[in-house]
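Listed next: structures, encoded as structure tokens.
Okay, so chain A shows up in both of these, paired with chain B first and chain C after.
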Partner chain A sequence: MTARLRAWPYLAPLLILLGVWVYGPAVFTVVLSFLDWNLTTPPVGVVGLDNYAALWRHPEFAQSLVQTVLYALVLLPFSTVVPLALATLLWSRPGRAAEIYRAILFLPVILAPVAVAVAWRFLLNPLQGLVNEMLGALGMPPGNWLGDPATALVVIVVITAAKVVAFNMLLYGATLASIDRRVVEAARVEGATALDVARSIVLPHVARPTVVLALLSLVLAGQWTFTNISVLTQGGPDGATDNVFYRIYTLGFTFFEIGEASAAAVVLLAGFIVVALAWGLVRRVSRAT
Partner chain B sequence: MRPDHRPALFGRVAWHAVLVVCCLLTTFPVLWALITSFKGPADVFSANPIPSPVTLENYAAVLSGWPVLPLIANTFVMSAGVALGQIVVAVLAAFALVELSPRLRPAILVAATVALVIPPQAIVIPQFLLATRLGWLNSPVGLIVPQLGAAALAVLLLVQHVAEVPRSHVEAARLEGARSGEVLWHVVLPALRPAIAAVGILVFITTWNEYLWPLLIAPRAENATVQIGLAQFQTEGGTDYGALMAAATLTSLPIVLVYLLASRRVTDAFLQSGLRT
Partner chain C sequence: MNRSRLLPVATALVALGALSACAAPATSTEPSSSEPVTITFSSYSYGAQGTMGEGMQALLDAFADEHPEITVEPQSVPTADVLTKARTDVAAGSAPDVVQLGYSKMAEAFETLPVQSLEQLAGDEWDGHVEGINEALVQTGENDGETAALPFTVSVPALFYNADLFRAAGLDPERPPTTIDEVRAAAEAIVANGTNGAYFAIADASKSDYLTQSVINSAGGSVVSKSGDVAVDSPEAVEALGAVQALVQDGLMPAVGVEDALANFSSGQLGMFVSSTAVAGNLAQAAEGAFELRSGGFPSFGASEARPTNSGAGLIVLSTDPAVQRASWEFVKFLTSAEGYSIITEQIGYLPMRADLAEDPAFLQEYFENNDLLVPSLEQLADVAPYLAFPGENANQAVVTLQDDAVEPIVLRGADPQSTLEQVAERIREQTGQ
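Let's turn to the complex of A and B:
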């Protein structure tokens, strides 16, 4: 028996799992998007592009698309500039204290998103929550944080941002760890300020990971918000915090509109394919230069 | 103090100040929830950060009125099952891709990477239909098996570590007539132990915190996980904030304990997963 044949039994579990639970469902999503199927009844039949047309007729879907992009743009600095600044700060004074700060700052990644969302809801309670109490003490009017479309979106963004900052701070930290500290010391001896070091040593080092993290956050930002939206706002008020990821869930599991939800999922998948192709292009270009 | 030391001292103080503020900003809500869980009904809403008096009545209320221990048990079974299952699948696949058929490696690693990037929401409807058709609604199997499809990340992480096992050790075992299974068990697996621990911790924590799939597949209270139980508790018993905060604390406790005991190992595991993407 050749080595290649012997490999298959070892690979089979992975390939079966990927086929049944990832790639199969991806293909089946496309199929479902052409069916008229409300989960409560058997599939009625093939309806072609009707589900896509229905999505287009409902302004909620367009709104969720726009807001998916909005989330990505608003979260962009929190996946690049902010964690880079924090990681540089930690890197500039290595030692026990930096380790402890890093461990605390990473907590939002570890903590259960539902528990964090519940804690936020308590702080933001419109009647007696701590945030409004504090504002009152400062003589400012209370806010109906989760009930007001504008502030609800900000709340979801802030909670999500803490997690994104925490994770990317770690990634930037690993990149910075590969900088030769002797170069930095030599520069400092020659009279370079901390800002000079940041600009001419740190920045060139982190340029490439920043591009990757920015792209990644554009792709994943909507996904990161899902649990917060589900626990705190259910996409409301008036769809203000909705995005495509939550829209698919609402269509499929609140309205049981399997066809329309699948069509929305196909739109999302198509978006991912476009970004993946763009990413491949960026990598090819950056390798060539 | 000599004058030229003053900027250094100022810099150090500013450095600590900025980081302390950042730590407070990101962890304050959770910290406040923890504090509130020890407050009595009279001062739940007070801005005083010190509970007066410190009380455990919220914990008593949660433990007696809410199935917190079964929820934790369900979540533990799911997280341990998913972690163990993914490790077995990924070790087998990583071994095959490095030792048995390196030619398949690029293609299968691409397939694994693509699987990781597909957003869960985009494929969750067929997953749900299939799992319910199999009769897996409200069952541990339904919670565990579909989440094994995410083993792709574990594969990507472990392939590098299998590749780092010295060739000479593998060759030596082969010369002594060891079959592939024996090479895996006696040579590769012992060398992989730290990597397996890291992947295990990573998968365990992310599965413990998983929300979407448990929400759909195990909605019944007896089978739910802590995240779903907590979300339901919030909508049903929303006014008893002391108990709610105690519940949030209890359900986060196992993960936080793991993190306190092995924070370096946990961050390293997350780091590796992030560097892959």
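Let's turn to the complex of A and C:
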């Protein structure tokens, strides 16, 4: 048996799992996108591109696509700059206090997402919530934070950001831990300021993880916000907090338009493939130059 | 493979993960018919906070005492997800045997789930059992000419009010408002005294349209005409929703969600709260020692009589195994018996679906002598307009469209009632194939 053939038995478990849980259902989803099916009765039949046409006929899907991009863009600083700044601050002052701060900042990651969302509902109650009470004490007007289409999306982002910042801060912390502190000390002995250290030692070290986290943020932002949307707004008011992941859930498991939901998922997949190809192209061009 | 190559692959895998969520293989299994029998019960009351969850547990305990041979495995499901869970469970071959299903989702359930005829499951027991249960609500559960759902946790909208705020505003708490104009006038007096006036819980997170139907019915309209046509853009509907909208625009009703308003009323800062009697138990608990809670019937709109629509849930059976079906019927029979309805009323606050229990010394007579919160609704029960479902298998989708695209924007955000209802009516007609 050649080395190439011997590799397959080792790969088989993973390939089988991927086939059963990812690629198989994905192919099935593509097939479903051409059928009219309500989940509980046999599919009515092949409807061609009708499900895709229905997506574009109903403005909610286009709105959810635009808002998915909006979520990603607004969450971008919370997945890159903010956690990097916090991780750098904690890294630059090692000790017990830094460990305590790190534990406190990481807390949002381990709290139950639904419980956190429900707690936010009480805090944001426009009539007697703590947030409005505090604003009132500062002489600021109250807001209907989740009920106003102008503020609802931003509020969902801010609530979600706490968890994203906490998790990415940990990733940055792991990256920073690999920096040899003797290099930093040597730089300081040579007269480097804190800004010099950040610019010349820290930033080159974290540049690659920052790009990776930024791209992951673009891909995952919609999923990070799902629980908060589901518990707090159900995509409203007036669809202002909807995103494509919640729209797929609504189409599939509230309206049972399985064909249309599958078509939406296929469109989403196509979008991600375009992003992935564009990223590959950028890498190739940058390497060539 | 370096990171730059890994990333596109990871990106594609994440996207495929999203795709996979939509694919659910359909298989079927046969429930066991061995003794003792175990049945599953999908319920949004089970496990709920406060009196709702406690009352449901009391029902299950009472049934367990009476039928030790039947084990009930309750499954707690959020109100808005009961139909979703039932349909996905059916698709996965693990359908719950008995389901507590909201009336706004009943029509779609009849079209898409293997709902069993309760009449056939009951056999000779049927006529004797249903005698005394509210006839209109038994008829609401008919599917293909046979009863497939019996009323379980049923309520009608009522006007709850804070008698202390009434007195402070110079209003007579012995004379609660009975028309929308009187609600307005009372709200004006309460707001002038420094607290919030009134709130109609018409746009709630569970996407039920029982209160929407109640205000439209009470203005002389209906969401579905007698000929079966979608009629949410009728002049009566425009007038009814316009009247509720006017409360908000005039600062007499806070433009907030139902949960926020409920918390406000429970803390004694809101004068009137128009909602289902399902919240009566929790409101009574919140008011105890804090303020005097009273109730009145649902108000009329315009010249028409008040015609509130019932909300709440019926019980359906999905099991196809004969032994499980028999046990499921025993369970449904107990929950809708005099004893079952009495526990539901005493411990949760739903209306008894056997009206004679209210005067029966063996059941609820003493309860109603000491608790008058449900009395106005009980008296209004004869005027209840049974819940009307939109036609077809997209009935639930139509309700969500009505609530999200018309009722909420009109009432809470000032959308034009006429044009908004016309647009939404067209959308619902498309959804229901009209």
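The rule we apply is simple: the second predicted complex is superposed on the first by the 254 of 289 C-alpha atoms of A that agree within 3 Å, B and C clash if a C-alpha of one lies under 4 Å from a C-alpha of the other, contacts with A are read in each partner's own complex, and residues count from 1 in each chain.
Everything that follows uses one rule, which is that a contact is a pair of C-beta atoms (placed from the backbone, for glycine too) under 8 Å apart; a residue touches a chain by one contact, two chains touch by 3 or more.
Here the structure is a predicted model, which means the values were calculated and not measured.
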Chain C versus chain B on the shared chain A, clash or fit after superposition: clash
Chain B versus chain C as contact partner of A:A119, first or second or both or neither: first
Which superposed partner A:F272 touches (first chain B, second chain C, both, neither): both
Contacts of A:L32 with chain B and chain C, given as first, second, both or neither: both
Partner chain in contact with A:I258 - chain B first, chain C second, else both or neither: both
Touched chain A residues, chain B compared with chain C: B
Touched partner set for A:R93, first chain B, second chain C, both or neither: first
Touching partner for A:V183 - first (chain B), second (chain C), both, neither: neither
Partner chain(s) touched by A:V46 [first = chain B, second = chain C, both, neither]: neither
First (chain B), second (chain C), both or neither touched by A:L281: neither
Touching partner for A:R208 - first (chain B), second (chain C), both, neither: second
Superposition clash, chain B against chain C - the stretch among 7-15, 25-33, 97-105 or 133-141 that is involved: 133-141
Shared chain A surface residues [contacts with chain B and with chain C]: 21-23, 25-26, 28-29, 32, 121-122, 125, 128-129, 216, 219, 223, 245, 248-249, 252-253, 258, 261-262, 265-266, 268-269, 272, 276
Contact footprint of chain A on chain B as seen in their complex: 11-12, 15-16, 18-20, 22-23, 25-27, 29-30, 32-33, 36, 45, 47, 88-90, 92-93, 95-97, 100-101, 103-104, 108, 111-112, 114-115, 117-130, 145-146, 148-149, 151-152, 155, 180, 205, 208-209, 211-212, 215-216, 226-227, 230-231, 234, 241, 244-245, 248-249, 251-252, 255-256, 259, 263, 266-267, 270-271, 274-275, 277
Chain C to chain A touching residues, read off their complex: 3-5, 7-26, 80, 84, 87-88, 90-91, 112-113, 196, 205, 207, 254-257, 259-261, 263-264, 267, 269, 393-394, 396-397, 400, 404, 408-409, 412-413
Residue ranges of chain A in contact with chain B within the complex: 3-4, 6-8, 10-11, 13-15, 17-18, 20-26, 28-29, 32, 86, 89-90, 92-93, 97, 101-116, 118-123, 125, 128-130, 133-134, 137, 162, 165-167, 170-171, 174, 194, 216, 219, 222-223, 226-227, 230-231, 244-246, 248-249, 252-253, 258, 261-262, 265-266, 268-269, 272, 276
List of chain A residues in touch with chain C within their complex: 21-23, 25-26, 28-30, 32, 38-41, 121-122, 125-129, 144, 146-147, 149, 208, 212, 215-216, 219-220, 223, 234, 236-238, 245, 248-249, 252-258, 261-262, 265-266, 268-269, 271-273, 275-277, 279-280, 283
